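Naming follows writing order (A, B, C, D, E and F), and every chain is counted from residue 1.
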Amino acid sequence: MFFHRQELQHKAVPDQPDAVYARKLQEVLGGQYGEISVAMQYAFQGWNMHLPGKYRDLVFGIAAEEFGHVEMLATMIAQLLEKAPLGITEDAVQSDPTVAAVVGGTDLQHAIVAGAGARPVDSMGNPWSGSYITASGNLLADFTSNANAEMQGRLQVARLFHMTDDHGVRDLLKFLLARDTMHQNQWIAAARELQEEGMEKLPVPSSFPQRKEHTEVSYQYINFSDGDRAGDGSWASGRTPDGNGEFTYVEAPGTAPTSPMPPPTRPDSRFFGTTDLPNAVEKVAGEVQDKLHRE
Amino acid sequence: MFFHRQELQHKAVPDQPDAVYARKLQEVLGGQYGEISVAMQYAFQGWNMHLPGKYRDLVFGIAAEEFGHVEMLATMIAQLLEKAPLGITEDAVQSDPTVAAVVGGTDLQHAIVAGAGARPVDSMGNPWSGSYITASGNLLADFTSNANAEMQGRLQVARLFHMTDDHGVRDLLKFLLARDTMHQNQWIAAARELQEEGMEKLPVPSSFPQRKEHTEVSYQYINFSDGDRAGDGSWASGRTPDGNGEFTYVEAPGTAPTSPMPPPTRPDSRFFGTTDLPNAVEKVAGEVQDKLHRE
Amino acid sequence: MFFHRQELQHKAVPDQPDAVYARKLQEVLGGQYGEISVAMQYAFQGWNMHLPGKYRDLVFGIAAEEFGHVEMLATMIAQLLEKAPLGITEDAVQSDPTVAAVVGGTDLQHAIVAGAGARPVDSMGNPWSGSYITASGNLLADFTSNANAEMQGRLQVARLFHMTDDHGVRDLLKFLLARDTMHQNQWIAAARELQEEGMEKLPVPSSFPQRKEHTEVSYQYINFSDGDRAGDGSWASGRTPDGNGEFTYVEAPGTAPTSPMPPPTRPDSRFFGTTDLPNAVEKVAGEVQDKLHRE
Amino acid sequence: MFFHRQELQHKAVPDQPDAVYARKLQEVLGGQYGEISVAMQYAFQGWNMHLPGKYRDLVFGIAAEEFGHVEMLATMIAQLLEKAPLGITEDAVQSDPTVAAVVGGTDLQHAIVAGAGARPVDSMGNPWSGSYITASGNLLADFTSNANAEMQGRLQVARLFHMTDDHGVRDLLKFLLARDTMHQNQWIAAARELQEEGMEKLPVPSSFPQRKEHTEVSYQYINFSDGDRAGDGSWASGRTPDGNGEFTYVEAPGTAPTSPMPPPTRPDSRFFGTTDLPNAVEKVAGEVQDKLHRE
Amino acid sequence: MFFHRQELQHKAVPDQPDAVYARKLQEVLGGQYGEISVAMQYAFQGWNMHLPGKYRDLVFGIAAEEFGHVEMLATMIAQLLEKAPLGITEDAVQSDPTVAAVVGGTDLQHAIVAGAGARPVDSMGNPWSGSYITASGNLLADFTSNANAEMQGRLQVARLFHMTDDHGVRDLLKFLLARDTMHQNQWIAAARELQEEGMEKLPVPSSFPQRKEHTEVSYQYINFSDGDRAGDGSWASGRTPDGNGEFTYVEAPGTAPTSPMPPPTRPDSRFFGTTDLPNAVEKVAGEVQDKLHRE
Amino acid sequence: MFFHRQELQHKAVPDQPDAVYARKLQEVLGGQYGEISVAMQYAFQGWNMHLPGKYRDLVFGIAAEEFGHVEMLATMIAQLLEKAPLGITEDAVQSDPTVAAVVGGTDLQHAIVAGAGARPVDSMGNPWSGSYITASGNLLADFTSNANAEMQGRLQVARLFHMTDDHGVRDLLKFLLARDTMHQNQWIAAARELQEEGMEKLPVPSSFPQRKEHTEVSYQYINFSDGDRAGDGSWASGRTPDGNGEFTYVEAPGTAPTSPMPPPTRPDSRFFGTTDLPNAVEKVAGEVQDKLHRE
């Protein structure tokens, strides 16, 4: 169950309206790595989790905070739009390019659809999609996904920070930056704890027995590009991070064994695919197959 | 530039056709964490990268391999579909439920649209989307995203492994499992190397000065759920993974300071939003604003 | 701010697993009119609202409840999936069509992607989309949208009610049906109250002065089909619901005045559209325009 | 069957080109509540309707008119684009910011893809989607959806009206405003008539027996937010609009009974979800299950 | 303007219901190459066309017919669904696998969302999208697109023809096959006529002067794969179809000249991308740039 | 298998940065007819092809080249973005409209999401979708699709050519124009060769026996619009392009035979659709059906 309180976790009041910046802020509200994404991702991880206790408490605890971040951003966006221009006529463009310039940078649906309100979309107007989130039931994989989401999120907020001078907006962003710092650290700590407790290990999923995979290529770097420094990194020689092997380096093409392509498929002639038989023969074949099939 | 060779990295021939399983395999071909996603993700990371050398060689090297994985899976799917039933009439359902059962589990577009061929979609038929990939220019964030993609990918292949007894299919999956093991390890190694070389650190992005964020909440866990074990983990006390602070734990609600919601916005009356003025007054206000605007 | 409590508003435990039904339930979790839609719709209406007080309290109050409904459904789906078959091999299809039949009806991503967990998608696997929601700032329009959402939602739950005999599932659906009854009534009551208080009237938006529209066709039913009973309804004669006019009925075609199509457009020849000039002339025209443009 | 006549229902000729406004008009052509949506929605309602006569004649009659509205808007957009700039080079930006300002506000695909033509997209370039429409077979629900669509549509046209001074454009909008006035009134009249004839009642669907729902919460407003005026409205006390009950008001949290969350699920270990068993035990369990499954 | 008549172009009555087949038919109603696509594609081509007369009359004439095809298919689907099972409980699956098998193959939204009605989606449940259509303003390109659409459409109907024995359904498909035959021929004839009249030629767009392209590679086949028979076709030697050149064949890699990749980009340090400077230096650089920017 | 070489097929270096143009170029990288589309389309055609040899070698050869075109465009876009403004504050808008004007025309995700890098989207920010491609297994249909893709692609590049004066950009576009010329010619040549070899003929699919379609309407142009010149073209009289018939022309409405609409469907009353029975009767009917169903 969720309860709502009509307060914000942090002050969210801009110094002045800025409809162009309102659109930019949509990215961290409704984008791939926006607050809707993390709120929904952590909530679904909680609902799909197979064990009670500290890990589940953690995902629920942060999920609920993130729904509050959605609210802070939506509130901020509505205020940035409060004086949004209704739109500018051609005449205005002629006489005041400054005003016209603003229009080009706004989210037109902010005005036409939402009447100067926030929307569940990103900065280019793409609606938020359920396909953005990850909740696989495997916590090491999912906490790595969460760490990435917080990294990308903090990166985007940092970029947005330098796209405004508004002290009110920057104040909110400073708060979000700090929370992203916290959450990055938390998911990394949680991923470590899973491994230290022996609940999950690398490679994910560690309960799948590695001897069932083709282990001869489990630690072999086959370079399919021609970059000659690809072999210099710690990913090409030395002990592997999972502790189970040694990296080796193979320069493709030619050195790694390959397999010939299997012959092309020849499905039922009534799919009417093109084959190496002349068309007339295909037509007869289809008729025969159809007759056979119906008797 | 990319060059194609009509060979496969590993044998991809099923023992027998299985149109239902062909649909399942689409998940790791064209799903959120399928091979198209990793191929495109690594390629875009290469094109967006701001430094030459080993890191760029790495992403290009793996990207090109992943395009080959797309090909292996597409080839396998086409063969699994080679004897795909054209479809079953009601009569067949009555007389042979076994055959009918198969139909329910197939991707209908495999038959109707592709004529027994592979498609750029996931196991539920959603087309692959450019919104699946991540290429931010910040390598620590992106390599974490890559590690997650390989974890989710290996997890899905491991699940698919247990959904078939076909030796040919399992042979290919064993190969893919091994390559996912390798790539997980490589991205983790690369993420470490970035940090050891001092190029990137936690929290991402580390070149954004942390003193600019609201540091008083940078390491504070505020629990917005009522799970009482949320404070037990290493994410609630002790040194933070980025080495810059100490975790603290705050039980919400009530203990953390909050801010009142700002008053509702009152945009231009010609957006026709509902306000606390009676409708008649709003109408006059809109007229006045319109007149003012046009003079 | 949102707070989460690890309790459910109503019991959500099925008598037994049923992976096929789990997929069906996704419709009212993540479909166009599912619980995510209403939760997000009401929340955005709150954030975009231009007046404080009872209407805003109402949308926030129901929004938070609906997030809890998402949780009940996700919890139920996870339990219905608890014994989900990992997948069935061809051999199993041969020997046990019953089991195979089940597979055809499941959401494959429940197994492959979520590891027997719920997902933010509808019953056909389409991810939830931000384009499902409505929050325009005009409360009479939006409350009508809300009433519709609750009607469609209750209709879908009523259909789902008859697709299962499971007492645990039906118990949850009985609860959701009752809440949809409540919310339908509430939005209708709220829409009426807006009108009774004179804040909004028909036609929406009522603060737009009706004299500015082409009033000669404001209450004229022009029938563009040939159904001869179209004129029998209360929508074709008598007083209009907004109280501002009388319906009239016009049988098209022929009786209503029309306008000729304007002549086709002739944009810049460098868009290379086909015109009635011969290709060679177009080519020269393009060259000339290009030269002019650059001088 | 549909027949096309090369005339327009109303004149659609702008005074002058305006590529920026052409983009804005796309919202009411191809947006969520644009003319394609209502045309398709009413048509599908006709095809899915379970009774002949006046209601079906009504939906077909308006559907066909709306396809004509799509045409009027597409025609208008093409003319607004007739002098659309091909695009502006950096040099032009330097020397003439006015022209450059225009470019920022245009739909780039109007130029690059359609060669100065209309497109089936909204004002932010999202393609029209079949997920926008509603045709459930229950007419009271669907007519409520239709009323909402016409309200949102008229609201958007009213906003667009104030974003231009062009007399030709405004003339067309005045016509569309009037038709939206008509259609709002018609759907409201039709919804009433359904109820007066006893064919449908509240709550929708009224043929589902209300005694099957958990009637103890059918008319109870449980406020999950802390807005203290939520109880003031006609939705919190008094007779309910469906005439079947009395509203009551309950302040959450704490006062309404709840249910504990069920224990987390423990699906087949070969889904490789994280559980509270150590990883090594899980691995063995998976192997055992796999062996059992195959014998 | 469009007018609707409550008749069908051809009889559309199935011998008996078949909910599984109803789903399959959705492909040619709402899929990429379904009837909605061609109706909308031809209509938009008409609205975007730059010349009056026979070509525009042609696209409008066929567009209107195709809207009628949408109607025939929707009508047929509703009838195929008339006895659609409401859904099957687990018990039914145990006792009657035949019935259960049917359920797996149905479109669940046909039942839950549309109440046994048609929907604007394809056979896998993806909603129809505006991104399926093409209307560029260049008629030779667009008529080629139309020819393709009719080819893909007829191919899909031919496949569907063999997926049913129902005489009523097959009767409708025979009609659609004939119309697709007609329309294929018409678009090919129209494309030829454009060329014969000198209005458009190959390569499209022919009014772009070919001397402005890098003509040294205009007719050179550079084979980026290793298929040794790629040079055998009429696309590798001899006169080119546009009549302007001679095909030549080059075996890549190595023989065609290439260009080195340009050095990686180094954007503003406040994008926080990873570069070859140590992190600490980047941080200072960002601060400096920020200060400079603000003064 | 694919191999990557860190070279470009042609030089891709702009004279100077231009963030607005970078967005425009996205259309031919990630749009419906961009390079990702053709690369993926040809590759899937290869994987789905049912015959070895020259046709398959052709699609693989061009597919691999197109992946290299994606790379050239991504590389170019990254350079055009190299000096992309981080974003402009309101202050800057006031003082320098020129700079502000630029911002309105940029892809905001280029800055916020990709840190001045390329993205897999079109010029309006829509992510690339798997639904853009075509690979049906029927080569005459698919090569026609390919010819169309190259035509639309060349058309878009030609339009983009006139939207810049940058010599570096134009140099790359000249190269792409030439390659599109080549590929148009190749697909047309290949489509002809298929027909000359008797492997496929018109109408597609030619192996479906034409006598099974309703041949009485196979060559009849039924004009559903009122354009009086529709009968003047070579598509309305004379020999048909497939050589199998003669075009005839019928003016609708009225002259072509039609069929009455079948009566509306009456599905199971537990779908709660509206029928012509009063609501109370429906309710009882539903109860009875439910009881019957469960016994």
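Note that in this section contacts are C-beta pairs under 8 Å (C-beta built on N, C-alpha and C of every residue); 3 or more make two chains touch, one makes a residue touch a chain.
According to UniProt, the chain labels map to these proteins: A, B, C, D, E, F = Manganese catalase.
A quick note: this is a predicted structure, and the numbers were derived from the prediction, not measured.
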> Which chains are in contact with both subunit C (Manganese catalase) and subunit E (Manganese catalase)?
Replying inline: A, B, D, F
> Which pair, B-F or B-D, has more C-beta contacts?
Replying inline: B-F
> At the place where copies subunit A (Manganese catalase) and subunit E (Manganese catalase) touch, is the share of residue numbers found on both sides over half (same) or under half (different)?
Replying inline: same
> Between subunit A (Manganese catalase) and subunit C (Manganese catalase), what's the gap in Å when you average each chain's C-alpha atoms?
Replying inline: 25
> Using mean CA coordinates as chain centres, what's the subunit E (Manganese catalase)-subunit F (Manganese catalase) distance in Å?
Replying inline: 5
> Which subunit F (Manganese catalase) residues reach two or more other chains?
Replying inline: 1-9, 32, 48, 53, 55-57, 60-61, 63-64, 68, 75, 78, 86, 97, 100-101, 103-105, 111, 113, 115-117, 121, 124-127, 129, 131, 136-138, 140, 155, 158-159, 162, 165, 205, 208, 224-225, 227, 252-253, 258, 265-267, 270-273, 293
> Which of line, ring, star, complete and other names the graph you get from chains that touch?
Replying inline: complete
> If you look only at subunit A (Manganese catalase), which of its residues touch subunit F (Manganese catalase) in the complex?
Replying inline: 16, 18, 20-21, 23-24, 27, 31-33, 97-98, 100-105, 122-126, 155-156, 159-160, 162-166, 224-227, 252-253, 258, 263-267, 269, 271-276, 278-280, 282-283, 286-287
> Mind pulling up the subunit C (Manganese catalase) residues that touch subunit F (Manganese catalase) in the complex?
Replying inline: 155, 158-159, 162, 165, 270-272, 290, 293-294
> Across the complex, what residues on subunit B (Manganese catalase) touch subunit E (Manganese catalase)?
Replying inline: 1-6, 48-53, 55-56, 86-91, 93-94, 97, 100-101, 103-105, 107-109, 111-113, 115, 121, 124-127, 136-140, 194, 197-201, 205-209
> Taking the complex as given, what residues does subunit F (Manganese catalase) use to touch subunit E (Manganese catalase)?
Replying inline: 5-13, 32, 53-58, 60-65, 68, 75, 78-79, 81-84, 86, 111, 115-117, 126, 129, 131-132, 134, 136, 138, 140-141, 144-145, 147-148, 151-152, 154-155, 158, 161, 174-175, 177-182, 184-190, 192-193, 202-205, 208, 210, 212-225, 227-230, 232-235, 240-242, 245, 247, 252-253, 256, 258-262, 265-268, 270-273, 293
>> Quick check: in the complex, which residue numbers of subunit C (Manganese catalase) touch subunit A (Manganese catalase)?
In response: 1-9, 30, 36, 40, 43-44, 47-48, 57, 60-61, 63-64, 67-68, 70-71, 74-75, 78, 113-121, 127-131, 133, 135-138
